[in-house]
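Okay, so chain A shows up in both of these, paired with chain B first and chain C after.
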Partner chain A sequence: MDIDETLVRHVARLARLELTDGEVADMVPQLSRIFAHVDQVQDLDVGDADPATQAPVGLETLRGDEPGPVLGLRDVLSNAPDHDGAFLVVPRFFDDASDEG
Partner chain B sequence: MDALFAPNHPLDQSVAVMAARVRDRSDSLSAQELVGAALARIEACNADLHAFLCVTPEIALEQARAVDAAVQAGQDPGPLAGVPLAVKDNLAVPGAPLTCASRILANYTPPTAATSVARAVAAGACVVGKTNLDEFAMGSSTENSAFGATRNPYDRTRVPGGSSGGSAAAVAAGLAPLALGSDTGGSIRQPAALCGIVGVKPTYGRVSRNGLVAFASSLDQVGPFGRTAADARALLQAIEGPDDADATTRAMPSVAASTPPSLAGLRYGTVREFDVSQVPGGADAEAAVDGVRARLRAAGATAVDLSLPLVTGSIPVYYIVAPAEASSNLARFDGVRYGHRAHDANSLESLYARSRDEGFGTEVKRRILIGTFALSSGYADAYYKRAMAARTALRAQFDAAFKRCDVLISATTPTSAFALGEKSDDPLAMYLCDVLTVAANLAGIPAVSIPCGRDSRGLPLGLQLWGPVGSEGRLLDLAAALAAETGLGYEAPTGYGGPA
Partner chain C sequence: MTPAPRVLVGMEVHLQLATATKCFSPSPYHFGADPNTLIDPVVLGLPGALPVLNREAVRLAIRTGLALGAEIAHITKWDRKNYFYPDLPKGYQISQFDQPLCEGGAVEIDGDDGQPKVIRIRRAHLEEDTGKSTHDEGGAKSRVDLNRAGAPLLEIVSEPDITSASEAERYLDALREIVAYVGTSDGNMQEGNLRCEPNVNLVFPNGDRTAIVEVKNINSVRNVGRAIEFEIVRQAREYAEEGRTAENTPRSTRGWDDDAGATVHQRWKESADDYRYFPEPDLPPLAIERAFVERERAELPELPRARRARYRDVLGLSAYDAEVLTGDPHLSAWFERALGGQRDAKTVANWVQGELMRYLNEHKLQLADVALTPEGLGELVDLQSDGTLNARTAKELFREVVASGASVAALVAERGLAQVSDRGAVEAAVRAAMERQAQAVEDFRAGNPKARGRIFGEAMKQLRGQGDPRQVDEVLNTLLG
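Let's turn to the complex of A and B:
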């Protein structure tokens, strides 16, 4: 697997990570070495094993679809970086035209 | 310092004796005294070891007062009455910070308790503090903490292992008799081995992860550290069992102690692919385990030689599956609802990306990138699906092995504790520290690390017992029988706590 700066920047964008140029430069050789090792999965003899089994043990039971206790507003907002009354505040992300629409 | 670590100090007794003394009204030992003694040891030693990120005297003393009040009222305060408990700082203790050793959660305080913590406290344990870890439990040395590394109490120039290195160091140094950790790829067993104590990675589904900050949800398990198998069992017994708040938990036979197993007739498996005698620096670890195997055969046990070929692929499989799940789980850290928020973002998109770049450390970013790539369009079949197929096949190989033997025995780590900084610039070398532990997480089976003497430098080594799903009670029975047979067990590091 060839890993270069373009690929690292693409993956960082997918992961919503704004890496510095220095971080990108450091990641290229590190990820190249890691994937050289990880690429061994291609050579493993897995027979006809099913990749669909997500958890190591079966989920025999799911809980009933019943509402349970939930956190109160004060608890939910107690760790919020910014809030106004009952609302979380984030930077404005619609421009004025779409705002009116 | 002398009085802190005086011979026959109450904190250096077994958990059963400690709790029994607190519960016995005719004994003068109170929960508040035990907790006070632990807090005094932490105060004296934590600057050196940095095992704790946060000490919680108000919480511990309030819990201790409740235990003492219950004793005075003639009520049973539980099997862990008054026992000081250290909690890895990726588990929620209400009223105490929960940082995951990350800048992104530096100011986060959870409103509720993790189920494992709540159950330990209901059994009488008193939470004395939150312990250091590799950020988001990603690492094998506790050097990836945003708040500084933890030191190994046997040699303070060396790592305690990780990611639960603070919990392991705290127990090894006698600062708390019990600790909770989490194990996603070896994060309980590896530091237990490097700190010369007992650590248990339970069967997937035995212990609730409610209130554990998720790393890789199909691999994560909460488990105990103790100086002996009996101590670790006492904590595991308190926290095990189904929980409506974690749909992956399920009922399985309790880990309560049963009749000690006879070593005569035991069939123990030696897996060729777990032999580290040829790994650089691995000769001491394999020789120590070989010594135990010889004692087992002398006691009448039968050796079964096995090959599990997919074990050789367990690191590549793990370093696809775990980062893939981490990249998904850590998407929740976006600077909006909780955690660090970048101040100069002018759009929602840059708020996410900058908050995450400022908040996460390098190893966390690296794993998010690995996982995002392994799940990305065009690569998911070659990496993620392939790894999941290998995981299914690996599980089948363990199932077949446990038809031929009762337990597998291996070293826990290829080497003893390495020097601080030795591997911190080489992520792949750090990942390979987990070569003997990750397979248990991939297969969902339990494994226990127990002390196995010292290497040529005098540093602790660990022996790992692996069993089929649900067998950790028997593994702990066997651990106790092995300790009795071989005399191997916890030995306090010079200058710290005495014998358990």
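Let's turn to the complex of A and C:
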């Protein structure tokens, strides 16, 4: 896979990372080496096995619809930088909203 | 003047499935709970927490798919859709990308020309819901409630076969009716368990087309129609005045502002690739046996459009009656039980739509609050049609038993309410009435036909309202000469 500065900037934007021009320049050879490393997997002979991540399971293995325990409100809020009563509070977002569809 | 464009609307509907727990964790979910109280480590995406799929969510999704005539996948799989949003704690949504649970299918509606019209379904896939955020007016903060995060959603995507705002409204009504019949979702837009995002664009006779706009944040079927109407006008104006087309304008998302009655630009769309979908490593693909699918298919109830047609064509009800009685599956089931398979459909329909609906409306009640059973109404109908009760007594009895649930037959026996149809008793009552209303008899014989009503009324009074009016009329004719 060809890694160039445009791709690095694009991925950085999707990951909401602010990179300086110097960091972008550094990333190009680093990411190229990482991809080259992973690409070695392509050389494996897997015969005619279907591409699959895992073997499928049947419906009988799934969880029944019985409610389990929930976290207490204090625990839910404990990792949040800010909260207002029971609500988590974040900086107002809208314009930068991603698609929830 | 630009010639009228063709309107193309495709619908994305998110249907919250009526499970007790979330899609990928046993955390309970129901509408209206205190904020952030229906949460477990999976919902929060805490380190080490792993998703486990809810079988009931899959079953309800399959059942809905079958009701829409979709093909159910033999193998379906889960994918991560990556994006950052505060109401999505993990930083990705578990969804389905290239192997959705359901493909194809259709919803039939009445087209704008009054003819049946098929709206094709492209696909329906299972995914998890996000939390809910509220933005203070003009404030710098947003507040987040994660209760809804992880609830199971079926996203139903239609082909752009809808060609007007009113067809879009009828599509949603039809879809809501279907899920109400098969019992897979409450389908309530106000409570957010059915959400709809229309995708709207226009095609002009010269082939120019406007960029597709997706409209979000719509909370009622009527507002879906209003939003589409607004977009048709707005896109046509931007095309005419600024030459905006899909060639020079990217796709965008707009939000519906109910107060302004307008859509408001939110953002330009990222391309699908930017979600960096990849197979969910924490969930294996799912194999769905055909035996399971066929069992679910066999258990589907008669669907609303088929039932409506049967009420019209087999039971002989008017289109209006069929529409009202099938509009709500509970009402329809009640009607069918009252009908009991052999009673006159029109008579039973009149009782249900007349007295029963009037009672519900007057007392602001739901059908489930009514003490009278459908079989009880059937009994009442039988007693009226075999002549035991006259119409007035039947209505009085109805008003009593609808609230108490008492047996109609028992009340009739207990109070001697059976209609008096013994000819001797009727004659005696009419004679007594003629004596008491001697002046009226004289007036009638002197040529005043109105006076007859007073004698008739008196005769019915003598019979304590239980006379058969036709018989009283007949006897009165004989005796008055």
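To be clear about the criterion, the second predicted complex is superposed on the first by the 83 of 101 C-alpha atoms of A that agree within 3 Å, B and C clash if a C-alpha of one lies under 4 Å from a C-alpha of the other, contacts with A are read in each partner's own complex, and residues count from 1 in each chain.
Just so we're on the same page, a residue touches a chain if its C-beta (ideal position, glycine included) is under 8 Å from a C-beta of that chain, and two chains touch if they have at least 3 such contacts.
It should be emphasised that the depicted structure is a prediction, and the values quoted were computed from it without experimental measurement.
Novice: Tell me which partner A:P67 touches in the superposition: chain B (first), chain C (second), both or neither.
Specialist: After superposing on A, A:P67 lies in contact with chain C but is clear of chain B.
Novice: Of the two partner chains, chain B (first) and chain C (second), which one does A:V38 touch, if any: first, second, both, or neither?
Specialist: Touch partner of A:V38: chain B, not chain C.
Novice: With both complexes superposed on chain A, which partner does A:S78 reach: first (chain B), second (chain C), both or neither?
Specialist: first
Novice: Pick one for A:A86: touches chain B only (first), chain C only (second), both, or neither.
Specialist: Second partner only, chain C.
Novice: Kindly classify A:E18 by the partners it touches after superposition: chain B alone (first), chain C alone (second), both, or neither?
Specialist: first
Novice: Shared contact residues on chain A for chain B and chain C?
Specialist: The overlap between the chain B and chain C interfaces on chain A comprises residues 14, 16, 52-57, 59, 62-63, 68, 71, 76, 79, 82, 88, 90-91, 93.
Novice: Spell out the residues on chain A that touch chain C in their complex, using ranges where they run on.
Specialist: Within the complex, chain A contacts chain C at residues 14, 16, 52-59, 62-71, 73, 76-77, 79, 82, 84-101.
Novice: What does chain B use to touch chain A in their complex?
Specialist: 107-109, 111-112, 203-205, 218-219, 244, 247-248, 250, 309-310, 313, 315-317, 319-320, 327, 331, 334-341, 345-354, 356-357, 360, 362, 365-366, 368-370, 372-374, 376, 382-383, 385-393, 395-396, 427-428, 431, 442-445, 469
Novice: Under the stated contact criterion, what part of chain C meets chain A in this complex?
Specialist: Against chain A, the touching part of chain C is residues 12, 14, 19-21, 25-28, 34-41, 44, 52-59, 75, 77, 82-88, 93, 130, 133-136, 139-146, 155, 197, 214, 253, 266-267, 269-270, 274-276, 279, 281, 284-289, 292.
Novice: Tell me, which parts of chain A touch chain B in their complex?
Specialist: Residue list for chain A touching chain B: 7-8, 11-12, 14-20, 23, 26-27, 30-31, 33-35, 37-47, 49-57, 59-63, 68, 71, 75-76, 78-82, 88, 90-91, 93.
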